[in-house]
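Below you'll find the structures, each written out as structure tokens.
Each of the next two complexes has chain A plus one more chain, namely chain B in the first and chain C in the second.
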Partner chain A sequence: MASLIRRTLLLRTFCRAKRFTCHSQYVHQESAGAERMSNSSKESNETHFGFQTVKESEKADKVYEVFEEVAQSYDKMNDAMSFGIHRLWKDIFVDRLAPSKPCKILDVAGGTGDIAFRIAKYLRNSDGGGITVCDINQAMLDVGRKRASELGFSGMEWLQGNAECLSSIADNTYDSYTIAFGIRNVTHIDKALKEAYRVLKPGGQFMCLEFSQVQNENLRWLYDQYSFQAIPVMGQLIAGQWKAYQYLVESIRQFPNQEEFAGMIERAGFAFVRHENLTFGVVAIHCGHKL
Partner chain B sequence: MTHPLSSCFCSCRVNRGGQAENSLFSLFRGSVHLWKIDRMLARYLPLLQCYGNFMGRTTIIARPLLASNFSTNGTTSQDANASAQSEGRREEQVSSSKEDDVKFKIFSAALPLVHQLGWTKECLEAGAESIGFSKSSHGIFEHGGTSFVQFFHRNCNKELRKIAKVEQIESAKSDELTKVHQLLEKRLQMILPYLPQWPQAMALMSRPHSSLDSYKLLYELADDICFFAGDRSLNATWYTKRAAVAGLYITGELSLVQDKSANCDESWQMLARRIEDLRKVEEFGGSCSRQQEILKDIAQSSLTLIRNLTGMQSYQRNSR
Partner chain C sequence: MLKLINGRNWYAACVFRRRIVTSSEKLCLKAEASSEEDSTGADNPYFADFQKFHIEASPAQKLILSLGSAITTLLNPGRPDALGVFGETSGHSALQKMHEKMMMSSEGQLILTDKPRINSSTVDLNCLKKLPPNTLGRTYIKFLEENNVTPDSRTPVQFVDDIELAFVMQRYREIHDLVHTVLGMPTNMLGEVAVKWVEGIQTGLPMCVSGAIFGPLRLKPKQRQRYVNSYLPWALSTAANAEFILNIYFEKRWEQPMGELLKELKIEPFVES
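Take a look at the complex of A and B:
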């Protein structure tokens, strides 16, 4: 079952939603997960794709399609949906990462290079050496590579690969592992976290930027209205993609909230796990260290 | 003199039932008596205590009493606990000895490099690399240099507690103020090796976002010093003593970073002079409290005299 990571596209929007709308689905998923464990040979393993339930083997392909379709207008849509705030989130993310030269950084699900270029800028690293961008989607990587050559970052490595199985990367290779708006699209989040743990050096830092749950209930209502009513329309108008953006907002609601996700990171073996909410919890930065 | 509160707290672990009230900073105590806060506390604290027991929250109500007790156990004081909680419930829950070990290892490796690199993220990185960890492990210290300095303070406080426990037995006979002096000096000596970089550390600690944690660390320090100096006060002097010790420590730090004399002699003399000042204040306060009853009588009779002079007492005569 191929699972894929997908970069989230536009997905960055504001965010979090009414959890009650999908709560029953969560329960369903969890019981499905338990079944999966007890009988792994069972063929019909199911997972969620937005609010739909699909076979695990199909999710990766579906996510791939979504991102292939939106790759060209990905950055434009990000700006439109988040009113440009996604740039601030990414800046803060890189600031919290606080990399320093020389170090090796793996940016997973980093297709269009947003995070990688920021890291290179932070390091005043003129060619982007030491930074590897990994994405499952070739279309996204192509966009990123093109932008990199325009910006003169010739030293970056571009790698097509699945976050759940980074088999081309040796153990204990990287100082930092970043994944921004990507882990939500991975079929098995726990596997991706284990891979992250594996490729990091001891002491290495795992950093994740992802949509999360808005903490204030009133704001959450407002945010939900915006996500469900306005974003698909914007997707249709700007990128010509209603469904991709429908998937975006639904997948945000399916993703575990701050505390649950922090628990998953801890279970993958990371220590010093902490998280920080940005914009009332629309997105959250999670961070952990391999010991 | 037996403090009225002593009997009220006979069920309390730290109570030294009927123990003579110590006289450090009794000027403060004197003023407290004047304002009758002390008596008010004596009257209402037992009620609060009962309520606290009833609610199962004794530690909060009887905080001045128990806070020092926490420190002796070698664990963090209540405030430090609270700060750990605010840092993130999660972090505390999972914090295992392995995490602490790693953090301490990186800290210890980075500390000798402070002279070249200062209290910075780069110093932590260099330290981590020197013991085989990735550079990125600087992120374990959440706010870089600031967390580095705070960790150093916390560590020094811990050291001081260890030293004080040993000293407590050795110098059982010296008076409270002398012990405060000794402990303060020991604590200030801990920053001596890093004196050239200390202004940077002080600046980091006083930045707005770290000031809350800084105050907690300072409180922890003052609380430890007072406790190990033998302070068992049960009234408002609990607060004034800690404030005075915290003030002395900060004064000492400020003096040290500007001190050009050999071995920082001038700072140590300054500290000794401040302690002497406190001793004088204490003596003065002691005599004040002895005069207090007389003063009260004088004040009352003056008041009566004024009332008589102004004819305000006349209604009493009229009513008869």
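Take a look at the complex of A and C:
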């Protein structure tokens, strides 16, 4: 009973009213051992790749190929597709993270370094020490490393690794784990969440920035039209890649919505799970803590 | 057997002034390219390629692609994919006319039936090196080596919805280096513009015509003089007099002497004045 009161009080502290939507299920938290995979076609070992169905074993390779193809023009395309708004989303994300020194931060699927550089600037850290950028795709990491050397962040660590299995990272290593626009590309999201839980220290914070579901139906229709009609065309014109960007917009539709994803985070063992919508739900920031 | 065929064709060339190309001639083609199955349906290897690379785009999307890729090509010539997209999205009626022209020639019909591809896995480049000098095959290899180009650099067609027209577009792309060879044009700006004039006038593709018109804007003054005095008049008369480039079944003519080939195609060799 006492622990329930303590948790409820902590919940009130963390839920700063209008910004966050708290999920009361956390009070009746299930044990970390009870997992439910929420990907489709579990028995047949198939999963989605955008709107296509592929074998689970193939998805990682196909996603790898997509990012290898788009790596060079990734940042340009992000600016074009979102009219530069992705910069604001990432600024708000790091603001919510509110890192403070000393800290060790792991930025997963952080390839070209957008989040890592913002964290370094927030910390007024001149060389990026304490920040590790991890990505499965070497091409994306190469772009990031190059940008880091241009910006003078020589202390950053660049690690090639799979979010589902961060085998080179020990348990309880990091104060914060961030993943921005990466988790929807992972084949087994639950595994990635469990790994996030494992590598975080007790008291550590999990933060995820990801495309989500637009709440308003009319806006959702407009957003869909823009996604499916305009974005592949822009991908072809700017990056010479239609199919890669077709995959990217389809993968957004396949990703669980705000509440479902929050449930998955809770099932991985995180507490005080909450989310915040940005731009009418086009993206959402999910946050959780390891107790 | 080869000599006998050559003998018969030499006679035919002398009497009829045109080499008879038959589907039974095979030279310097790799195994997968020499199949003689009926290739109008799903058996043809091009069908699988077409399915793999084809992208469904609405008319509105094609219009935007067409305008956008035209601007991209003008601003950034180092984007060959943009040029390809422009060609595919703006060339529908030109492709139809090209297809009709091919259907009116027996050699063109053979190409449309066989749907041959030109890349390093269908053409045996080592075999071409061993051909006698001054044959088409040997001259082509020499052209590839001197200009440091490869037959594998042609992007697949993505935005043409009809498979026959898509093949015509693909064929146009893949024979580009052979057109250079046959016209004797190098891959510098002057040579490229001359080839674009010939291709533009013969095919009617907006991409070629606009390349021929805007390309010379990049020429330096001395080059512009050579262009106006020699290259342009030659290119225009060649385009008007020569046989339609897409009706030439190059793969069946590797061992044909260049002089005989040029006479047959009514191409006057370029002489700079």
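A few comments on the model shown:
Heads up, the rule we're going with is that the second predicted complex is superposed on the first by the 247 of 291 C-alpha atoms of A that agree within 3 Å, B and C clash if a C-alpha of one lies under 4 Å from a C-alpha of the other, contacts with A are read in each partner's own complex, and residues count from 1 in each chain.
In the analysis below, a residue touches a chain if its C-beta (ideal position, glycine included) is under 8 Å from a C-beta of that chain, and two chains touch if they have at least 3 such contacts.
Just so you know, these numbers come straight off a predicted model, no measurement behind them.
Taken together in the superposed arrangement on chain A, chain B and chain C fit without clashing.
Looking at the shared chain after the overlay, A:P99 reaches chain B, while chain C stays out of its contact range. Of the two partner chains placed by the overlay, neither chain B nor chain C lies in contact with A:A170. Of the two partner chains placed by the overlay, only chain B lies in contact with A:V273; chain C stays clear of it. Residue contacts after overlaying the shared chain place A:K243 against chain C, while chain B stays out of touching range. When the two structures are aligned on the shared chain, A:V233 is found in touch with chain C, with no touch to chain B.
When the two structures are aligned on the shared chain, A:C287 is found in touch with chain B, with no touch to chain C. By the touch criterion defined above, A:L222 lies against neither chain B nor chain C after alignment on the C-alpha atoms of chain A.
After superposing both complexes on chain A, the closest C-alpha pair between chain B and chain C lies 42 Å apart. Residue overlap on chain A between its contacts with chain B in one complex and with chain C in the other: absent. In the complex of the two chains, the chain B residues touching chain A come out as 88, 90-91, 94, 96, 98-99, 102-103, 106, 121-122, 125, 128, 132-140, 142, 144. Within the complex formed with chain A, the chain C residues making contact are 55, 57-58, 60-61, 64-65, 68-69, 72, 79, 81-82, 85, 158.
Remark: chain A residues 229, 232-233, 236-237, 240, 242-243 touch chain C in the complex. Within the complex, the chain A residues that touch chain B are 96-100, 103, 175-176, 200-205, 259, 262, 266, 271-274, 287, 289-291.
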